[in-house]
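So, here come the structures, one by one.
In the two assemblies presented below, chain A is common to both, partnered first by chain B and then by chain C.
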Partner chain A sequence: MDETSNERQRILKARAAALAREPEKSTSEAERLEVVEFLLADERYAIESAYIGEVYPLKDLTPLPCTPAFVLGVINMRGKILSVIDLRIFFDLPNRGLSDLNKVIVLHHGAMEFGVLADAIIAARWIPRSDLLATLPTLTEIRAEYLMGVTEERLVVLDGGKILSDRSIVVHEEV
Partner chain B sequence: MIDKDAEFLKRLLVTFKVEADEHLKGMCSGLLELEQGALPERQTELVEFIFREAHSLKGAARAVNQVEIEALCQALESIFASLKKLELPASPGLFDLLQEALDLLARILPDSGAERPHDDKTLQRRLISRLEEAGKRKIAITEDSLPPFQGEGRGGDGVDGVDDVISASSHNELHPHPNLPLEGEGTKSSKSALIPIPSAMPDTVRVSTARLTSVLLQSEEMLSAKLASSQHVLDLRATATAFDSWSKEWARVKPLVQKFKSSKTQGENDEATHKKRSLTRLLDFLDWNSDFMKSLETRFTAEVKSAERDSRALGGMTNNLLEDMKKVLMFPFSSLLEILPKIVRDLSRENGKKIELTISGDDIEIDRRILEEMKDPLVHLVRNCIDHGIENPAERRAKGKPQLGTIRIAVLPRDDKVELTIADDGGGIALDGIRSALLKSGMLSAERVAELSDQELMTHVFQSGITTSPIITEISGRGLGLAIVREKVEKLGGSVSVESTTCSGTSFRIVLPLTVATFRGILVRLGERLFVLPAMYVARVLRIKQEEIKTVENRETISLDGEPVSLARLAAVLELPVSGRETMASDLLPVVLLAASDTRIAFQVDEVLGELEVLLKGLGRQLSRVRNVAGATVLGNGHVAPILNVTDLLKSAVKNAAYSSQRSAVTDTGEPANRLRSVLVVEDSITTRTLLKNILESSGYAVVTAVDGMDGFSRLKNGSFDIVVSDVDMPRMNGFELTSKIRSDREYGDLPVVLVTALASREDRERGIDAGANAYIVKSSFDQSNLLEVMKKLI
Partner chain C sequence: MQWFLNLSTKLKIVCCFSLMFALIVVVIVTAYLGITATTQSQQELFRENYITSLDIVEMRADQNRARAELLEMMMTGDRSKQQALERDIQERSGNIDKNLKELTTAQKDDPHFLAALQELAVVRDAYRKTREEQITLILAGKSEAARTIGLGQQEERYNKIRDIALKLEQLEREQAKQRLAQSEQRARTSLVIFLLVGVAAIIISTAMTLAMTRAIARPLTEIAAIAERIAEGELEVNVLSSGRGDEVGMLIQTFRRMVANIKGHADTTRRIAAGDLSGVVTPQSERDVMGNALSAMGSSLREITREIIEGVNVLASSSSEIMASTNQVASGATETAAAVSETTSTVEEVKQTALVSSQKAKSVADTAQRAVQVAQVGRRSVEESIAGMGRIQGQVEAIAESIVRLSEQSQTIGEIIATVNDLAEQSNLLAVNAAIEAAKAGEQGKGFAVVAQEVKSLAEQSKVATSQVRTILNDIQKATNAAVMATEQGNKAVEDGVRQSKEAGEAIRQMSVSIDESSQAATQIAASSQQQLAGMDQVAMAMENIRQASEQNVTGMRQVELTVQGLHDLGQKLKDLVARYKV
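Our next item is the complex of A and B:
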């Protein structure tokens, strides 16, 4: 047997062992949060994974007339039309820097579903709830009601459930 | 483990809910038919049927620990057992009690595990004891109330005896095995033992609608694959024609080649021989080249043929798939109409009216999505019939009509459409009522109202804010309902009309498409954006001369068939920047005449691109309703185009009239509007491109975009620009290369170029300046006022 196939065997074994390991106790699961971390205009944000359906590449955005500024437009996601929102405008954040929005994070909860734009997806990770600090007004300009907290490393954890159930994000306008 | 059990129970409850709904529906419709007085044999059948439904529901409830439902079903079952044995007379009071029990059952079905309020439980206890009491009123005591049902009363000692007979067949369901499959088998086996499955629906499976919808969406996506493939074939054919021009060129030089080949050696010296040898090699190569090209052409032609074949096959398969997929989603109207008998019964009781409901054609099938959308409008119309239409018995008697009012619902196929009629034999819509409502709403002047014919007047009932009901009741009279009915129906691509005769009734006619089918749309362009206008509202597409636009009462109008028609700019109505392109007086302006109900307005667009088949898709939950936009569609190239809402557009255009008059004021004085500065934005990222475009457009620039340097340069050649804003890092030709190319061009050498880039290093900046850029803005420090200031300085 040559060197590489031995090596391959070893890696596969190690992987199998890692996969076979019992997940950590569920008691700790209540104390930590699974989030997806992403980059938006040079700031790092995170949203709880439970609210994230998928991440979709932004290919072809069609702007819609007569919509509020935070609605950037709609995309065609496998035959379904999905509205796409710029959280910076929705949060009234000052527009600093031109960002390279090229990922759509699809948020969903119950029947509500829409996409928010991100510059890049950094990682899916667990953060201990105890790491979440009550927000200091100096740390972020986002209103406290949309935040779950901020970690020491300045990761802003958004409250996905709150954003998804916010009435002001729904557009319903008659002429 | 506990978690798993809870999870299992939860899934079991979902299955139970589906099954319980079916049993409940069966009981409900059976009970209604019974109450309306069926033939004796049918009565026996019905009682038996309801009894079995109650029994099955009881068993299913026991299996999932729904004690309350079980108890209620037990009580119901006892009543029907007595009815079966003709021990109990059927009285109106009993029917009311039974309906009440069914209502409660529907309410207490487990739904997302929410705890029920306490008063439901008390209500239930009271209901059960009332049911038990009713069960005791055996025939001997109340013999005079109503004749008992006829039929073969089977002897026995009450409920238990009957239970014995069927317990064998329903054993399975009372003690379900934990490994029993959740869907299908378990419920089916118990059901098939009790009620024979109708033979019209053999071999059915239950699939969740969410899954079906997802499959449908994916099949619809195949449509873009089909369109892309036929586009590909067209491109290949275009490439194939390139061989023709080669052939032509070759034919021209071929004699020359032949001549050289046959010519004799003229020089005798070495140099000449050498030359001759080289020439021969060259000529041989040309011959080989020609053969090579010919074989290439043959191969290419074959490839085109096979691509055509594949494209045709794909097209055929896609069409078949979509056709079948649509059929999968077809449901009979009965699934929508079955909710009506109960509504009519309950509401007519509440209003003290006597109403009979007749339904016909409910076996006609239609797209499930249309049925879903039609539920609210239909219920609204039926409520209207009961609340406003049919008079109370005393009134009817006075008019010499039968006391029993009728609501008739008929479904009729009409070519590839379906016509749904909701008619009542009530008092009709009072025309005077509409007149005064119109005057009160202030929508029309008194003279105009007086001019309206009866039929014209009638169309106004669909306008929001118009109600003829003098009082606002819980169910209707707010004047919103019919407007919503029309909006929903029109959104589905249907139409609604009303006919009414005083005293003899009102009839609403709704024409619906059979499927959420594609419809014809007119594709128009505004700047760089594309929009679709539903063709059914497009009365005409025309081109007009600038001088044909007249200003009447401060509004722009054009004359059509001798009548003035208002003219609006579609871009302005949609709140988009109006394109700055200067229009020559001689230019013909493309105009689309839109018409809905009795309004006609002409809309000026930048270009009418043609007619196409579109499929309306919703904008999703977050965009619940967008002004002027009905939905979106996916075009053949995969791009999404908004479909406009014509009813909204007409309203918006009227509101926008003020804007229009401003523009005409300028035109009147003959001053040309300030020419917009035009910008070419070259950027490969779609978002940055869109963002830049929005910033620049809202600052009053006319913007044309390009996706990379190559595209940018060719656009530059085809238009006139005041400035170029370009990204640096792009495929094919980057920003530096584009800048150098512009600088070295004779015509555009002086054009200002602003580079906007993520590359912040000094070297990059110097490279940009070397290439000849006028400004270099780093994205991370980007600020829109900064860019606008720089641009202002440069132009």
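Our next item is the complex of A and C:
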């Protein structure tokens, strides 16, 4: 009897909470930013959906020799060879190795297309631009370059365009 | 009288006894003379009158007999008898003749008697002649004639003879009477003389005796009385001096000296008795036994007293020390008695303890016996438990197999879940990609975005579900692993249990053996305890005896203490006593 009453109480509370939630502000298209949120080394990052082709599981990774450390390797994505970049190197995040659950976020802009390693894809969501705060002054160099902003929820929003346009990522080496 | 006293006693006694001897001689002579005269007159009487009378009577008797025989001859006719009678008559006639002759010689001084006798002889001759004729006639057988002759003249003759004989007898009797009177007269006279002489002798002897008594016996009696008083110990006697020069006087003088001497010795003795030993006794001579003895006694008493004083001093100090020691010994004995009493009670307690331990040992023995049985039961139980362990081991192994199978199936489930999860992941990716595509499509893709959102929601739900399943599965796997581990541990535990049970069985077996030995030991202990109890009993009795002895000791020591106290007092008394003696 108690359990059922408790259960009922809990359900009722949940419903009340759902009803009490503020409806999302119906912001305009220009004022909001559609991002794909993902986990990298236990930190939440997000990249603008406009630069994302798709997300793909990290399967059959082939490491590439004679490449910088941030180049993780290449994968076969439906018959297309895609290089995978490890952003952890740039952000001095701890390397925790790889698993089958790792995902690859395929960034593309024009002719440039490569994959970025993510530990897990959380969701595709909308965030208001106004929520984005200025970058932290402690971040410098490349980290500051790639950063678009940080939300109040401590979601680090990366600038996909800048990552794609960064020439330092392009590897051109001969051995 | 003084001259008599001055005579020596010897002379006095000689004089006295000589006089008395003379008197006795006079008396004896007088008596002798009287007795001799009496004897003589008696002899005359016997010889002259008594014999004569007897002869006359004999002659008369013969005469009568002869006549009787003659008559018998006449009467009898027997010849031979007549002859025998005749011879007898002749013989009697001869006797008469002989008597007549004797009488004649005996009475030759008496003419009167002789004349009568002469007449008798004449008559008898005539009688004899006639009788001869008669005998002749009788022998001739003329008895009648003989009888006739016999009568008449013969008869007269016979009577005359008898008368003369009787007259003679009468004469002699009167003569004898006369003589007897004379003899009596003479004896009376001599008796009077004897009496007179005897009385005189007695008077003189008495006078002499009195004189001697006065002279000798009275002073001697006095001295004897004094000696009696001296013998009774009295020395305050006064011996008067007398001027006598005889032995009695000498005796008195000597007695006076002796008394003075004894008095001197008595004074000396009194001084010694009073404790004055300093006086020196000088003996009168070497033969003065008493003086010498007193002197020796004084010196030896001095010596002895000196030694006694030393000895008494030693005795007093020794008795003091003995008393102290005795006190200590007595207190020691008391302490000993107390200790013995405590020991006795302790022994009693030990005895009680021994009794308890004996009972305990008995109960231990019983318990050990029961323990043996219990150990056997335990052994059987252990064997059963080993068997049970074996069964448990088998079941545990079966459980382990089941769990392993369960684990494998969980693994399979996990794989399936992984697949589902993979599907959910892919669905999620698909939903994200769909959302991205929808966003690219802009306003037209809005509906698709909702679908993508729903797909994503489903994917999320399935992911949550798989996650829950995985969680559950993890729990199951953990539980399975734990079960496997537990089973292994159980297996090991069972093995350990089996091993331990075996060890326990062995231990119980050894314990059983030990308990057996313990049981025997306990029995022995019980027996020993019994003996110990008996021993303790004896010890208790012995302790009781010791206690009594110790009490007696204490009593004895008390008595000894009293005795020593008495000894000490005696020593002090002796010391005081000895101090009175002046050495």
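The working rule: the second predicted complex is superposed on the first by the 129 of 175 C-alpha atoms of A that agree within 3 Å, B and C clash if a C-alpha of one lies under 4 Å from a C-alpha of the other, contacts with A are read in each partner's own complex, and residues count from 1 in each chain.
In the analysis below, contacts are C-beta pairs under 8 Å (C-beta built on N, C-alpha and C of every residue); 3 or more make two chains touch, one makes a residue touch a chain.
What you see is a predicted model; the values in this text were computed from it and never measured.
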First, second, both or neither for A:49, with chain B first and chain C second: second
Which of chain B and chain C A:170 touches, first, second, both or neither: first
Touching partner for A:114 - first (chain B), second (chain C), both, neither: first
Touching partner for A:101 - first (chain B), second (chain C), both, neither: both
First (chain B), second (chain C), both or neither touched by A:66: first
Contacts of A:123 with chain B and chain C, given as first, second, both or neither: second
If touched residues of chain A are counted for chain B and for chain C, the larger one: B
First (chain B), second (chain C), both or neither touched by A:76: first
Chain A positions touched by chain B in one structure and by chain C in the second: 100-101
Contact set on chain A toward chain B in their complex: 42, 58-67, 71-76, 78-83, 85, 95-102, 111-114, 117, 169-175
Chain B residues within the chain A interface of the complex: 217-218, 220-221, 529, 574-576, 617-629, 631-632, 634, 638-642, 648, 651-652, 655, 685-688, 690-692, 694, 756, 758, 779-784
Interface residues, chain C side, partner chain A - complex: 422, 425-426, 428-429, 432-433, 435-437, 439-440, 452, 456
Complex contact set, residues of chain A against chain C: 34, 36, 49-50, 52-57, 100-101, 103, 121, 123-124
